[in-house]
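Pasting the structures here.
Both complexes below contain subunit A, partnered by subunit B and then by subunit C.
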Partner chain A sequence: MGLTDLMSMAKPTDESRKKVLAKLKSKGFLNCFQCMKCTSGCTALKLLELKPHEIEKLVNFGFVDELVASDIIWTCATCLKCVERCPQKASPYHVIVALRNMAVEREAKIPEAFMKAVSQILETGLAEAPQKVTTRKMKTCDRDSLKLPKICAPKESFQTIFFKALEER
Partner chain B sequence: MKAAVFWGCRILTGQYAYEMSVREVMPKLGIELVDLRESLCCGDPVKSVNDFSATYLSARILALANLTGAKNMLVPCNRCHFTISEAKSLIDSDPKINKKIKVMLREEGLEYDPDVKIWHVIDLLHDFVGLSHIKKAVVKPLKNLKLTSHVGCQILRYTDLGRVDSAEDPRKLDELIEAVGAEVVDYQEKLDCCGAHLLLSHVDSALSLTGTKLKALQALGVDGLVVSCPDCGLMFDTKQRDAGTTMGAKLTVPVFYYTQLLGLALGIEQERLGLQLNQSPVDAVLSKVSA
Partner chain C sequence: MPKIGVYVCHCGLNIAGVVDVEKVTEYARQLPNVAVARHYAYMCSDPGQRMIQEDVKKRKLDRVVIATCSPRMHEETFRKAVAEAGLNPYLLEIVNLREHVSWAHTHEPEKATEKAMALVRMGVARAKLLEPLEKRKVKAEKSVLVVGGGIAGIQASLDLADAGFKVYLVEKAPSIGGRMAQLDKTFPTLDCSACILTPKMVDVAKHPNVTLLTNSEVTGVKGFVGNYEVTVIKNPRYVDEAKCVGCELCVKVCPVKVPDLFNEKLGQTRAVCIYSSHAVPKVAIINPNSCLRLKTKNKDVCGKCIQACDAKAIDFDQQPETISLKVGGVVVAVGSEVFDASKMPEFGYGRFKNVISNIEFERISDASGPTSGKILSPETGKPPKALAFIQCVGSRDKRFHEYCCRVGCMVALKQAILAREKIGEDVSIYVCYIDLRSFGKGYEEFYNRARDLDIEFVAGVPSEIHRASDGTLYFDVFEKGTNKLLEMRADLVVLANGLIPSNDVARVNELFHASRSADGFLLEAHPKLRPLESSTAGIFLAGACQGPKDIPDTVAQASGAAAKAVDLLSSGEIELEPLKAVVDEDLCSGCRVCESVCPFVGVEMKPEVVEGKEQLRAEIVEAMCQGCGVCCSACPTGAIKMRHFTDEQVLAQVVAACTEAEAKGGS
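The block that comes next holds the complex of A and B.
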């Protein structure tokens, strides 16, 4: 469902808005004055219609639940141009990260690849498994045949502590 | 300089040419690399799931670097460089997080050291090794090559964090390319993102971003694109053909890691620099260089 459809029946909630604020800590996001510098330079604007200044305004108005349930927060390419260029240090990128975290906490539908990466890290320490690659002459290589050092998995104690960290809110 | 090296996931699991070339060139320029005890994710994909756990992963990496005794850590991946830098700034400025992280690290007998300095390949070569040292070390200048640079996003932004080069007008990679004898061509799309992060959620859009930039470069008629981030390498080189399919265009832009070109200029054999692994059409440039 698009953002506009979600908004048409939405009611703002201050409680969710406060949750976002708590996650943002000292970041000055309340200062956004809608200059749209973020949106005009946004990598995801043209292809995916992400408008960071709208996200800022919607959170400020308390329409957090709608954003958390929307796909739009997963279209950010994390190029950080909005953080760099915002004259008010309102940093849409960090607002989007906070909203993504809330989506996970609420078990909303999120792109599979993120959870897959997390479980892979729990299991092996790395977000991906080592791949075989081919040369331009179609010879298959891996770390061994390229004489690269072996990958060393983290100690078992890591798993327990990382798991605990994932439960932090 | 002795530097701990943190590779991150993407280099260790697929972008082998970057790893090979960094391992080859650094010792030649007086940088001794020490691998960390364990391989770990920097926390980047975890940020979107749980920001605090990402900070913990980065802190654990800094603690592992601390174990090597080196006061410097090389992070050749832009994304890891940003994630670790942001985590470090948070740990150093927020006493509550600082305490929480230190307690978690101590459970494994690890210690966080705020004095470990984080480097990327670009600033380590440009600011520490220095252009004049590199020029002196070059034995085979890469003459008659017109190249363009793609610095990537996350080592440039955001400035408040302290980044590797200017956010809006980065020059260091260009100067490094000139230091090995090639000519640099500036272009309008220089700061455009490669799109790698969108591979996690919107593959077609990710490939469109890659393809659009490559198409613009192709129209410029340059000899190649130089990158220094495994995400950008993955998109522009490994996935160039896919990007072409998405765009409905035949893309033929040779893509190199800077350290591969530096290695060639330092006289290192192509195979040791992983140049057989580049998927973009680099052969014509390579024969020009070795001629």
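The block that comes next holds the complex of A and C.
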């Protein structure tokens, strides 16, 4: 009964779909009529092949498990253009965040680059660490050599503050 | 003792599929005063009605309770049926077992049956106390006010005038013609809009039964169905309509240039101008906000038009004129507006000159427009090499208007075909759409015709439009058919701006008490069965003020509304429902609460001398009262009663609802 994805022989799982819905709190985030405006403007489409409209449809059909296990949900840059411009007030962004949370709960493999960014934030409070660059004249410079001020990072252990805030929530 | 007949309808399986109709009938049979109880598959059918009529005649029933669908659906049908059998039609009680029971409690048949029995019990309790009522007749004016002179108003006026009615056609703009006058060609036949509209404009202006009031607005409405008193303000043109011959000599000498509203501000006209090339009436008008003399209020300023006018038609002393009209009914045809796409910053409308709206495209494509019918980009002044249409702008969009604009797809097809015909093979034409809706007669064939003309359909819409330094527009669009992200470059982008309710709709709502639906348009009395009437008696709806519409639908609705007005007023008399409020003078304290709550201006306060002292007394204007019952429930002394919904009748229902035993007790 119901749908089968003949490419992978996957079947929709209603249970997983319900779990996404429970995380979303509003069913409106999945109210997509496939105009593909989100994908037309998606920051992560050109390089990373993220298609927000496809995620909306797959979740609606119930093909959730494959998505949760995939790398694609980790490519979203959370620029929120899709949320801002969706004519149906759906939100691929919220759906993607829900799927990511499910992936963590299921202890699915999270792409290394993403984890690196996360531990960077936990350690320093910065999404990106100051880097050394090489110029066209093959000169290496960093902030010090350019006499730029040091970047302020949270003084106290950011990790502690962060986890405390999380707990309070 | 009353003799009551109870009839339970199955409504096919609509009711019987959930409610145990036999059990309900059985239950009704043993209620006090019930002489007969029956159930039948379709009570509204001929055999169903005959069954009731025979019972009324043979068993001498004096009250009838029918447990069936909503009274909004068939109360009139059953009233007629019992009246034919010789019973006063108001001795009928409808119990709603469909909308209130079976449809609401589909999954709980047992509880639904219990509720159905309770409702029947209540119906029987009320039926006992019903009183016979008579309809009253009042005189009606055989004249109609038509508000709005677009194609809807013109069509309604012509039909009414041909039927022998006096018609007052009021138009806010200096010329009739409305939105349709701005269009180049019309879908799906591509006949020229002006060719089919202009003759009608002339006909309506010349018709002996039509009084045409342009540059005018309705400012006040009093009275009631059949007897409306309407105030119209005719704003000054500063040109004598009787003298002006439309030669445009004044326009040539006028030094003040102003944006041309008829051309969607794509061109310029003068402070004195003729509204459009096929304006009716073809009479000049002076814009008081731009004319140097009117702006400065100085009689020595300018005056070039006065010197130029051979007919001596210029008259700077004109004042607004107040006109009072007596009409029996009103056809509201105030039309709609076009969505302002600058509210959607991502598409750049208003920032980029070569992003235009579909109505602007019409003016560019029209022979009487600013480019004399050549399709030129407002940015370069040259014909576009690549032309892109973007659909569903402002409509099907929950941030703005949720509904489908119903014309955008067909307008884009038409404009794409026109562009192909006018510019030729050199232009690439793309239509970026979400769903392409070609639902009308001949519309799908029109879509085929567009595909035959090498118009490319792109399933997907852009997220944002950018402008390159050379003025070219470019955007990315993810296309469903190819599953590819495509970059598109175009030198002209046309946005399919939807139709939205105009500000006039709010004004109509205030003046005529015509309700609005959630989308902001005017609300019809019933979406399927009474689409041509508003909820206020005698106010009819035509065209896009009731919802976005194309020309065929607008004309059909306008003719329908006119026919409805003829039907209402042709006998010169109107039957009024007797379900009105009545005041018990002895109890009325003159507190005016009823007057303040009445939404229909149906209460008048009359002074009366009681024991030497003057006191106010409420009086119901029967023709105005719509029987809503607000005054009755607000009256602090209980002086106002609603006929057919008296306190006794309603309380009997309440008692029956609460206590089964008491209802059985009879008296």
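Criterion: the second predicted complex is superposed on the first by the 99 of 169 C-alpha atoms of A that agree within 3 Å, B and C clash if a C-alpha of one lies under 4 Å from a C-alpha of the other, contacts with A are read in each partner's own complex, and residues count from 1 in each chain.
Here is the rule we go by: a contact is a pair of C-beta atoms (placed from the backbone, for glycine too) under 8 Å apart; a residue touches a chain by one contact, two chains touch by 3 or more.
Note that the structure is predicted; figures quoted are calculated from it, not measured.
Applying the stated contact rule after C-alpha superposition, one finds that A:His53 touches subunit C and leaves subunit B untouched. In the superposed pair of complexes, A:Lys81 makes contact with subunit B and with subunit C alike.
Look at A:Pro130: by the touch rule set out above, it reaches subunit B but stays clear of subunit C.
Of the two partner chains, subunit C is the only one touched by A:Cys35; subunit B is not. Touch criterion met: A:Arg100 reaches subunit B, while subunit C stays clear of it.
Across the superposed pair, subunit B and subunit C both touch subunit A at residues 81, 89. Those residues of subunit A whose C-beta lies close enough to touch subunit C in the complex are 33-42, 45-46, 51, 53, 81, 85, 87-89.
The touching residues of subunit C, when paired with subunit A in their complex, are 346, 392, 396-399, 434-435, 459-464, 475-480, 485. Note for the complex: subunit B touches subunit A at residues 9-10, 12-14, 16, 19-20, 23, 35, 37-41, 44-53, 56-57, 60, 82, 94, 100, 104, 107-108, 153-154, 156-160, 167-168, 191-193, 195, 197-202, 205-206, 208-209, 274, 276-279, 282-283. Residues 23, 25, 43-44, 47-48, 74-81, 83-84, 89, 91, 97-98, 100-101, 104, 110-111, 113-115, 117-118, 121, 125-131, 133, 135-137, 139, 141, 143, 146, 148-149, 151-155, 157-158, 161-162, 164-166, 168 of subunit A touch subunit B in their complex.
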